[in-house]
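Read from first to last, the chains carry the letters A, B, C, D, E and F; within each, the first residue is number 1.
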Amino acid sequence: MSEGAPLPPALPPLLVERAVRHALAEDLGGAGDITTDQIVPADAKGEAAIVAKEPGVIAGLDLAEAAFKVLDPEARFTRAVADGDIVAEGGQIATVAGQTRALLTAERTALNFLGRLSGIATLTASYVAAIAGTHARIASTRKTTPGLRAFEKYAVRAGGGVSHRFGLYDAVLVKDNHLAAAGGLTNALERLKGKSGHLVRIEVEVDTLDQLAEALRFPIDAVLLDNMDIDTLRQAVKLVAGRTVTEASGGVTLETVREIALTGVDVISVGALTHSPRNLDSSLEWAS
Amino acid sequence: MSEGAPLPPALPPLLVERAVRHALAEDLGGAGDITTDQIVPADAKGEAAIVAKEPGVIAGLDLAEAAFKVLDPEARFTRAVADGDIVAEGGQIATVAGQTRALLTAERTALNFLGRLSGIATLTASYVAAIAGTHARIASTRKTTPGLRAFEKYAVRAGGGVSHRFGLYDAVLVKDNHLAAAGGLTNALERLKGKSGHLVRIEVEVDTLDQLAEALRFPIDAVLLDNMDIDTLRQAVKLVAGRTVTEASGGVTLETVREIALTGVDVISVGALTHSPRNLDSSLEWAS
Amino acid sequence: MSEGAPLPPALPPLLVERAVRHALAEDLGGAGDITTDQIVPADAKGEAAIVAKEPGVIAGLDLAEAAFKVLDPEARFTRAVADGDIVAEGGQIATVAGQTRALLTAERTALNFLGRLSGIATLTASYVAAIAGTHARIASTRKTTPGLRAFEKYAVRAGGGVSHRFGLYDAVLVKDNHLAAAGGLTNALERLKGKSGHLVRIEVEVDTLDQLAEALRFPIDAVLLDNMDIDTLRQAVKLVAGRTVTEASGGVTLETVREIALTGVDVISVGALTHSPRNLDSSLEWAS
Amino acid sequence: MSEGAPLPPALPPLLVERAVRHALAEDLGGAGDITTDQIVPADAKGEAAIVAKEPGVIAGLDLAEAAFKVLDPEARFTRAVADGDIVAEGGQIATVAGQTRALLTAERTALNFLGRLSGIATLTASYVAAIAGTHARIASTRKTTPGLRAFEKYAVRAGGGVSHRFGLYDAVLVKDNHLAAAGGLTNALERLKGKSGHLVRIEVEVDTLDQLAEALRFPIDAVLLDNMDIDTLRQAVKLVAGRTVTEASGGVTLETVREIALTGVDVISVGALTHSPRNLDSSLEWAS
Amino acid sequence: MSEGAPLPPALPPLLVERAVRHALAEDLGGAGDITTDQIVPADAKGEAAIVAKEPGVIAGLDLAEAAFKVLDPEARFTRAVADGDIVAEGGQIATVAGQTRALLTAERTALNFLGRLSGIATLTASYVAAIAGTHARIASTRKTTPGLRAFEKYAVRAGGGVSHRFGLYDAVLVKDNHLAAAGGLTNALERLKGKSGHLVRIEVEVDTLDQLAEALRFPIDAVLLDNMDIDTLRQAVKLVAGRTVTEASGGVTLETVREIALTGVDVISVGALTHSPRNLDSSLEWAS
Amino acid sequence: MSEGAPLPPALPPLLVERAVRHALAEDLGGAGDITTDQIVPADAKGEAAIVAKEPGVIAGLDLAEAAFKVLDPEARFTRAVADGDIVAEGGQIATVAGQTRALLTAERTALNFLGRLSGIATLTASYVAAIAGTHARIASTRKTTPGLRAFEKYAVRAGGGVSHRFGLYDAVLVKDNHLAAAGGLTNALERLKGKSGHLVRIEVEVDTLDQLAEALRFPIDAVLLDNMDIDTLRQAVKLVAGRTVTEASGGVTLETVREIALTGVDVISVGALTHSPRNLDSSLEWAS
């Protein structure tokens, strides 16, 4: 790895095994895998390959590996690709060898994680490709699957996107509902002054150029330009003139994203990356 | 409700609040909602409506309600529709009144649950509509989001589908990998004899008509006809001749599902219902 | 193992270590084993044998082993018998070698699990032996110790019995209270039609032959003949005539079970297997 | 309540609801009560009585009540008796009114707790009655059901017994295995000196009168006279001469307990109270 | 509350009750409050006041209230002051009325939380007072009690301080160990470029003016001036010249903090606020 | 280790890893260590030393070790001292080698545990040293940090002190509030008779010599002499005359503790040991 080159994203420690155990427990219930346990002897060993049934960007190998290893700590999981890599249709993603029971029992859990995260990474990569050559970046939102946010945010990064807020706790984002509740922008932003820690960024959502002008009178870090048409976005970028980060948001699609990027905004956030990806289809193919 | 009419599906007790608390904790972290807490006074009250931004079938109102009530037990959540109902674009789904902070903080969690489950119900309803007039039923699979299976299976029922196995524990489903590991169909099915409880059903996956004929020599409850073309499916149904339940599976789409149903199969299972639904878009509109 | 022979029952993954940790935590509290920690040096090693103090059928070795290994991952646990095997009075069940502290601290937890599960397996084996030569099978019920159901159902299988429903979730069992609440059998069974998944079995409890005749008009999978005397059971079996599975239940004892089996019923469910077994007595004998 | 009279035992806060939720979750799985939910409308209300099917001492009403109230917080649970009271066969224990679904779904969980704890209380009361007029007390041991110790210890007190150690953490009990590991009694008891807090009692297990004489040279709080015959017990009590508490243990039965008590020992501990009670049979009778 | 005035800090939802239940469970074990349960009848009611035994700034009333209400949901807890208020020695903090058992059992848990958080708030207020008139702010660090960070960060804000990072997850803070591992500042900061989300702030720790100069060549949000003497701090502030936030850190005491503030730094972080506060002494005084 | 010599205190099994995982999760949130993950390659290895920045008594090495090993199970943690040992300023406490990411990420969690527990051990050792030559022992109280009691009680023992009650569950301590609620000492102590198990000790708090005389009429194990002046303490010890254990409590400081010990009391309990220790300062020094 060359000095100073960006490192690949990392899944946070502790969360992987916890999520995998939870998913396996959901699938096993109290009786366990009653098919496998009645058909496959406890001492049988086997080997299988995880194969992509369509092309895409892989994400979530740690989760797939953990699914097998929680049930068989001695299982060997060998990666043919790394998270963030592209696989072709029919391409091998990984192989796994170990107790046959563990392999059959963990198969669905492993593929459910891998399919969802790879689907997100693949969709993200499409958006990133669509804006190639512009300086904008594709960001995820908080529209994630309850319970899986850390993994889905990771999958967006594996696909070439960046993170936005992780939650309500790590950045201030003042939205229209806040303004209504606080009695307007001035009150809202006054209340923030001097109370936020010096490591907390502040972003303000605006719907119009007038609101944008009002927001720019305050020392904010970013503006979220919500649901603006291309022309208005262009004017907004011009009005900001580099004083703060600009983010476009609202109904972004693969068809519209390049045009939006060309307005000069810094960030384009896309809820669909995490709320409506298609699973990347893969299967466990048994080595005969 | 007329005597004997089928009852609407029910979300299992205990799971709703647990899932909602987990999702809220994921969004709140250690610092909480640092935007709302700094802008909205603790004693402010407010009211808002959840509005559909596109037409669809609603599912998950219990989860949305719980998201608000966990943060404000006194909040009033009033449903304009019930799970399983269709809403039009712009249609009101529910209103909620209570502490402004609770409403703003729970908004995303409530909508994330509602959007995903309604997306699943809506997609299911499309499949159910596509096979109207046939005797087949649409079933979900185990390709669910890790941690959300009970809710996603529920959403399929809200959309008019039926459940399949809930997990590895509540029915026997012998798949090709099992046959390989057990040394063939005979061995596998012999091992099941007399060991399964009398309340456990047994289904066997077959890929060919030959395998089907072999399976039918055993007292099984259902056959999963995997990835067969329409013509083969038709022959398979004829071969079974009502002796057991027939299920078609594999790459079913909205385009192909009716043709499949017309082959006479009893059940059509569709993984996409739960692994690749589009979120149903809705928003929280503040009452001014 | 011969091809196609039934496999021994399997304890579901994940549950064993969780239950053992919970039990150890209950015994250790915040202060830990204050006797052992003050008397036995941390580096002492020891070896001991688990010995049966009465004859019986063993079940629960995985739990006993886990109790020692959670406290000393390097401990060696060597089984002299397998779950389902019969031991004589004084017979050795297993030996364990490792840190003396871990052995002494885990002793009671290991024996508490082993004693209860072996007690269940032994009692089940008595019932199974009592009906030898008949075609009936002995089944467990949901009258299990709260928190230990998966293990107790397993112990019944280790003793030669079969499982019934695991819980409220994996089969439909319509009981008299349901009929009252639903306004009679017809309403109840009409409501079930078309809503249950195709892998869910349906059983109906009947108290009289009239009720039985009524139930048989519906496509059910089993009838629970509740608290019928021998003569009525015999008539019931005749009335059913093989159209559905017959289960006898209610106040079954070792004295009455054979007579019940001889009526021709398929399944005899015995609550006492799990709600009132005697612990199988065993002890940890220190190797001097 | 008269001044200074002993108070009835109390179940520790926090544990009841946690155990009940765990037990309900075990019974409900992911799909919930699929019988009740398909047959009983959500808005149906009902009422039922818990009735004893055999005479006994009741314990565990808090747990039974919680089982219903967790599922229907508005349910009314009315006690006909209190924990520790005797009920006759057919006697009413409590009534419960509320949502029919909640009543049917919680029934088994409520009865499983009530049956086990009442079984323990009833068995304890038999032992207490058997030694009436002696000064000995009946004590429970650590041979409890994993996960239910607090409740089972409580049931023993409800039946008139007393507690022993709750776990490894709240008293020192030096057993033979400790002596072996520590290199004899002197070493073991020397190590305890000055290290135990002043609120921790110390008991030593002895098998012979010689060991007893050796133990009495140390400032201990109690001696456990293990598996001694009646004559030896009598000599042991004489040898102790009131200098410390005497406890008889080992194979105590209802047949032998009075003779043991008449030796003059202070405490008789009976493992069978918690490891092998018979459930007290009760049922939920629906009010028509 | 005047429009736009800063709001008091808020404890994040969900965490309070969870922490209080955990603390109560730690104190209650399996046997519960064996003193109170044996002495105080279950139906006794009482009233008591929480009184400060020394002057200070109060924080943690939500936790104290929850301790009583978890055990007695009907208890009334009436605050005499709010979090952030100063109390004099002997001043009343709150009164609580309810079941006597609940009051006695929860007393220590309530006071343990209140004492620790009020101790932190009081210490913070001393530091804030010491720098009155300067423009610097007092910040907490990650040197918090494991498991209590959210509460301790809150107590710092109640005492007039601000938060720093909440954890490793909500801001980038490059420390000397990172530089060593990354092969110098340039590599480290290059790697951060374009990968961090636009809402994540970046701070760099520097030990010398040379390092400071090097860091300022990058677009960072803050510099942590670690363990610099007063003169160096003054030069550092001059060198920065408002281009980024300056933070002084390392061995700050009440004696040195004002001098540090007068160097012109923006933030002074003080580990001792949370790692070494003195508890604020208070007691529960029983109303006779 | 010589025969019969007291053994060092032991941290209870199971609790260490649970607490460390909880603390790491608190620090890592959903995004993980965003500084380290972006700067340090996943395969980098490193080595560092934990060094004391001031003299003191070490406690908590198991927790520090676990912090690193949870993140890198292959990490090597080598202790330079044992818990209970004294280190000088600059003295090495341990070294740790492993994945650089794990070392940097776990650093603060390891030091937070080590600093707090070593601070408690050091403070305890000061008190123990102050009463050298007297026969009194220094005891901890229940004024511990919520969630950390087992560790803090352990640290007191590592510093040479002894434990008091661990919680409300393991000994009876009748305090003034109990007496008020029970209607006086006689009622209270009558209620305890015959109900406590024979392994539960009973202590009574008294404020005056009259109360002491009254308490001594009952068979109690200890008296807590609360907030008495030196002269009264001396008279109290004389009055007790060895019939029960005497404990002094209330506002004990390093200045007053020796004088208190010289009154002849057996135990001096000091809340400040656990509620207001200063952290022992240490740091992780990177091996270049």
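Operating definition for what follows: a contact is a pair of C-beta atoms (placed from the backbone, for glycine too) under 8 Å apart; a residue touches a chain by one contact, two chains touch by 3 or more.
Note that the coordinates shown come from a computational prediction; the quantities given were computed from them, not determined experimentally.
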(request) List every chain that touches both subunit A and subunit D. (result) B, C, E, F
(request) Match interface B-D to one of A-D, C-E or B-E, accepting only the pair for which over half of the contact pairs are the same residue numbers. (result) B-E
(message) Roughly how far is subunit A from subunit B, centre to centre by C-alpha average, rounded to an integer in Å?
(response) 23
(message) I'd like the Å distance between the centres of subunit B and subunit C, where a centre is the mean of that chain's Cα atoms.
(response) 32
(message) Measuring centre to centre with CA averages, how many angstrom lie between subunit A and subunit C?
(response) 44
(request) Give the residues of subunit E that touch two or more other chains, as numbers and ranges in rising order. (result) 6-7, 12, 26, 28-33, 38-40, 105, 149-150, 163, 166-167, 169-171, 173, 187, 191, 195-196, 200
(message) Using the definition of touching given at the top, classify the network of chains in this structure as line, ring, star, complete or other.
(response) complete
(request) Over in the complex, which subunit A residues touch subunit E? Could you list them? (result) 3-7, 12, 137, 139, 157, 162-166, 169-171, 173, 183, 186-187, 190-191, 193-201, 203, 221-222, 245, 247, 266-267
(request) Quick one: which bits of subunit D touch subunit C in the complex? Just the residue numbers, please. (result) 19-20, 22-23, 26-36, 38-40, 44, 46, 48, 100, 104-105, 107-109, 111-113, 115-116, 119, 142-150, 166-178, 180-182, 187-188, 191-192, 195-196, 200, 272, 275-279, 284, 286, 288
(message) Could you list, by residue number, the parts of subunit B that touch subunit F in their complex?
(response) 26, 29-30
(message) Please output the residues of subunit A touching subunit C within their complex, sorted ascending.
(response) 21, 24-25, 28-33, 37-42, 70-71, 101-102, 105
(request) Enumerate the contact residues on subunit C facing subunit A in the complex. (result) 1, 6-15, 149-150, 153, 163, 166-167, 169-170
